[in-house]
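First chain A sits with chain B, and in the next complex the same chain sits with chain C.
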Partner chain A sequence: MGSSIATAGYTFVVEETKEVVGEDLGLLQEKLLQLNWGVQHPASGPMRLKVWVDGDEVVKVDPDIGYVLRLLEKLVEYRTWINAIVNVERACFMDDFGTMTGYSIAAEKIAGVEVPKKADYVRTILCEGGRIVSHLIGLGSFVGVMGVHTPMQWALIAREKFLDAFETFSGQRIATSSIVPGGVRYEPTGKFIEKMVVAVDYLEKEFIPRYEEVFVDNPTLKIRSVGVGKVSKEKAIEIGLAGPALRASGVASDIRKDYPYAAYGELDFKVITKEEGDSYARYLVIWEELKESAKIIRQAIEGLPEGDYRTKFPIKVPQGEAYVNVEWARGCFGFHLVSEGGTGPYRLKMRAPSFANLWAMPEIMKNVKLADVPVIFASLYMCHGDIDR
Partner chain B sequence: MEIKEALMVPFEATKKVIRVTKALFAPKATEVWWDKGVKRELHYRGKHIIKAELCIGCSMCARACPVNCIEMVPTGVKKPRAVPKVRGNECIFCGLCEDACPTKPEKAIKLTDNYSMIVEPGTWDNLYQFVFEPEGLEEAIEKAKKMEEMIEKKKREALKKKQLEDKKGEEK
Partner chain C sequence: MEAWLKALFFPGFLFLLVVFLMIFYFERKILADVHLRTGPYYVGKWGILQTTADVFKLLQKEFIIQRRANKLLFSLIPFVAFLLVVALIAFIPFSENLWVVSTSFDLLIILALVTGMPPVFFYAGWASKSKYSFIGGLRVVNQMISGEIPLWLSALSVAVFFGTLNNLEIVKESSFLSFLVLLPAFLIFITSTLIVTDRPPFDIPEAEQEVVYGFLTEFGGFNYAILVLSKLVELFALYCVAVILFLGGFKGPVLPGIVWFFIKIAFLYLFTFVVRASTPRIRMDQLLRFCWKVLTPLALLNLAFVILIKMFLF
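Moving on to the complex of A and B:
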């Protein structure tokens, strides 16, 4: 314990020697105390933060990751072009459609395959559904780290409706593996559209008003989160934040708007930004994106064209490279796919937004109170599946 | 203990006895769901069903499987040469084998809406033996054997005819 601080470049500062009934109290003598925030902490997930504190103030944070490493990038090399999606989607179980769409677009770019318009629209509907599902959990867990577990339960009820729609579409609720290079795997039936509309209706008419009344603009929530973990616009770009965290600092970066993919170019939506850059602003960005996603789903369902939903994807793909960015629920997800002319990918590199946010976190967490650590951690909206991959 | 409380003791006791006896004969609060035959959605990806009669033994499903849990078991006849056997323990139920199956109009390997998969006790040996076997394999093999015999008979007859014709030709 003591040696780990010494290796990190911190010296022991002995304030006073404390003895209780002749017994040495050890750790209390050190000025800097290392705490393990994580693995067993209810808010941390499968990850550890080494937090050095001076009294109540955080001096340094060092994330320790790798608990859910699954070597997804390497596993893709042993798959064919089609069945690599099962590894790609497992980057994060919450929004699996975004990653599958990105991989599929990259593979289609190399193969020179054009996707039918219907497939593009179905992808858009699914991606936004995945975003809502992910954002609901994000909202719930942000308030959850402060000790209130009701919003999480409300969010799970709303999420269930979307999962029902995904089950009708693909047969699975979470690991759907429904988007493949060349389109989507299943016909978007009337029942699927119906269930999606039911889910969006529930979200807009039941969940959003009820949640807004209690957990948005809540004075207690504001005391804990306003001004906590503040990042300015320049600093957010410098430390490489991604996704809602970047937009909360006033940078209007959204791949859906900047480099439209799927059917986003034809739909009308706005990029949500906030100027404050603190934890509460990040929470509000997630909250307002939820409403925006519901609008996109409605538009995409209205504009769903007739026709094929899948084209044939060749078994062998010519040599080439492609880099594709998609706006995933947690930010910009990059796919660098390399083909050597075989039946499967030669190499896939995934650039994950949560990973970028994680290594920006120690910078944000300097000189904050220990109680603010979970709040900042939850507000950065990270997923451990895509930190480790 | 006061007199009032002491008087209440037998009353409370009978109340409790009545509650317990009521609970004994009441219907169970939980139900055994897997006997009810719950219907899942159209595309539900559950237990596999493999029809040996339809299978042509092309092993496309085994190639499409991302976790390599499909094994092609040789049958000993020419068509199908081998039929798939799915190791249920390793399967992730992605349904890509069904997509890859080329038989038309019905697919030889299919994912049904049957999702009650119980292995008891869940030891490694038991789990390893949890396999989805092809249905009607023996019948299919017998049929194939009969077909092969028929074809061979026809071939022999054709050969005999040819030989007879050749002989006649030579005689002429």
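Moving on to the complex of A and C:
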């Protein structure tokens, strides 16, 4: 990317290749300074942003990814239809249920398997649980990049309750492998439902009021994030934002509403949108979706039907392909699944929302201050596992 | 007690060290309480020795100097910074007769020493020859200079009001009325103290998510401990000054003077910790705008107000 910045009229020296010795003033002589924002950086996660700064102004940002590449799409080709979920769920450990649901629906479409109603409801409960878990971490890390670690600690306490529920359901807290083609893998016992209700109760009665009092409408938080990284509605569509970041720009795009899957068609919820399109709006979208998800879980638990939770999924699936979108915590997650009639998938392509947001980020980070880089980065709500896959 | 004994033990180095271990412990405990965590727990009763253990861990660490760094400056800076700020403590009267030095220019010397800190921290960043440290160093200079002017102006309004620069005399002359008159100056002083000592929400030079602890990035082990300690001592010294100037120092009923002094200090620290737990960091340009457009004019107005009060009422 070095040539493009040269054509833009800037001259810069790549610091890495230059030795600063002796009495040389070194850094003081350069006009543009290239900062490596990552891989070893408190706020970057396992990726690198090359940030060129002119004083305090950011001139250009260039993401450098691939540090957590696990070849998940390729690995799926060596698994059977059921086993492949362990690779699919590892796209991002924050919300693994969304990805597993998407893959399962795609596999069921090819095989022509009808899923029992109870499985659909349990999937909905789990997906929303995963969304809440993910959004909690998102809220915590957004305020965390401004030097306040309180929200993250509060969020982790609320998250623990949900992880307890997942543990009761599947025996695992994070990588649950619990949604398979043909339904869900375990019986949703009364104890699981009970723990889920406890978790939602804690979220609605303790976490949300306490958090709302301090960190929503917080004046300092607003000073930092209102108007930062603003994206208009047209621009958001043009650069292909996804998920909460897209909805914060005023585009009411939600797969749960537009193309209902699982039990979403039968439940009542609204799509959160904001018109401002800045970092604070993105933060508020995450915050309000959290409340909405809690309502969905309550409805789904009330409407949980009796019956089977799983049907038999064939070992060999006929030839065919399917494309399924699901509304994952971080946006629209697409699965293009191809079957050649074998015991496992022939090819799986995952369309990741975080990847889309990442490549929209250099556009947003133009003419901002250095201190805005972590704020915009956190507000776009990306997951590193999802970027690299 | 001999002056050198005072300087070494009480209220000198040893006393300071214990006070800092306790302040650091309480900071972690109170932050943990806001976070709904337990905080230090295992080392000693109620985890009270955790901070001591941490300091000893830092002392054992390897002494690493970056290859490109200016070696002399890099190893010297932490000690220079420490000596500069520890000298501040000598001028603080902790009670009627607990002080190391008392001159007629106490306040002036303290403020002058505080003003000497930005170059030291800038050189700490510059000598590291690392990008983030360098940016951190520049930010320190920017921030401290804009914070020191309101600090000076608000402290000087006290000197004008009492007509003296000697800390002991200021404490002796202070009363409830003086507290009320100097309340605006107190608020300005505390705000600019937070700015000058890089405490949250003004911890811009050491923002770890932006510039990776700024000028502290390359320091490790003992050097790091000393540098961080000197920043903490600076805050402590300025809070001591705030207590002396505005809150009546060691004055108070029943309890001995030093206890009252530390109760007042504890209130200021509690305020600092709660602010740290709930207020996000602001941006450099916002800070500069705040300092030059709000804080400095207010401090000037306050100085004029105090002069008027002095002219017509006393």
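Just so it is clear, the second predicted complex is superposed on the first by the 368 of 389 C-alpha atoms of A that agree within 3 Å, B and C clash if a C-alpha of one lies under 4 Å from a C-alpha of the other, contacts with A are read in each partner's own complex, and residues count from 1 in each chain.
As a convention for this text, a contact is a pair of C-beta atoms (placed from the backbone, for glycine too) under 8 Å apart; a residue touches a chain by one contact, two chains touch by 3 or more.
These figures come from a predicted structure and were not determined experimentally.
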Inset, instruction - Record, for the superposition on chain A, whether partners chain B and chain C clash or fit. - result: fit
Inset, instruction - Determine, under the contact definition given at the top, whether A:V373 touches first (chain B), second (chain C), both, or neither. - result: second
Inset, instruction - Using the touch definition from the top, say if A:G147 reaches chain B (first), chain C (second), both or neither. - result: second
Legend entry - If touched residues of chain A are counted for chain B and for chain C, the larger one: C
Inset, instruction - Once the structures are superposed on A, label A:K191 by its partner contacts, choosing first (chain B), second (chain C), both or neither. - result: first
Legend entry - Once both complexes are placed on the shared chain, angle at chain A toward chain B and chain C, C-alpha, multiple of 10 degrees: 100
Legend entry - Smallest separation in angstrom, by C-alpha atoms, between chain B and chain C in the superposition: 5
Legend entry - Residues of chain A contacting chain B in one complex and chain C in the other: none
Legend entry - Of chain A, residues touching chain C in the complex: 15, 19-21, 26-27, 33, 35, 41-43, 56, 143-150, 153-154, 157, 214-215, 218, 220-221, 223-224, 369-374
Legend entry - Sites on chain B touched by chain A in the complex: 40-45, 63-67, 92-96, 99, 111
Inset, instruction - Would you pull the chain C residues touching chain A in the complex into a rising list? - result: 34-37, 68, 129, 131-132, 134-135, 200-201, 203-204, 207-212, 276-286
Legend entry - chain B-touching residues of chain A, taken from the complex the two chains share: 79-80, 82-84, 86-87, 167-172, 175, 177, 185-186, 189, 191
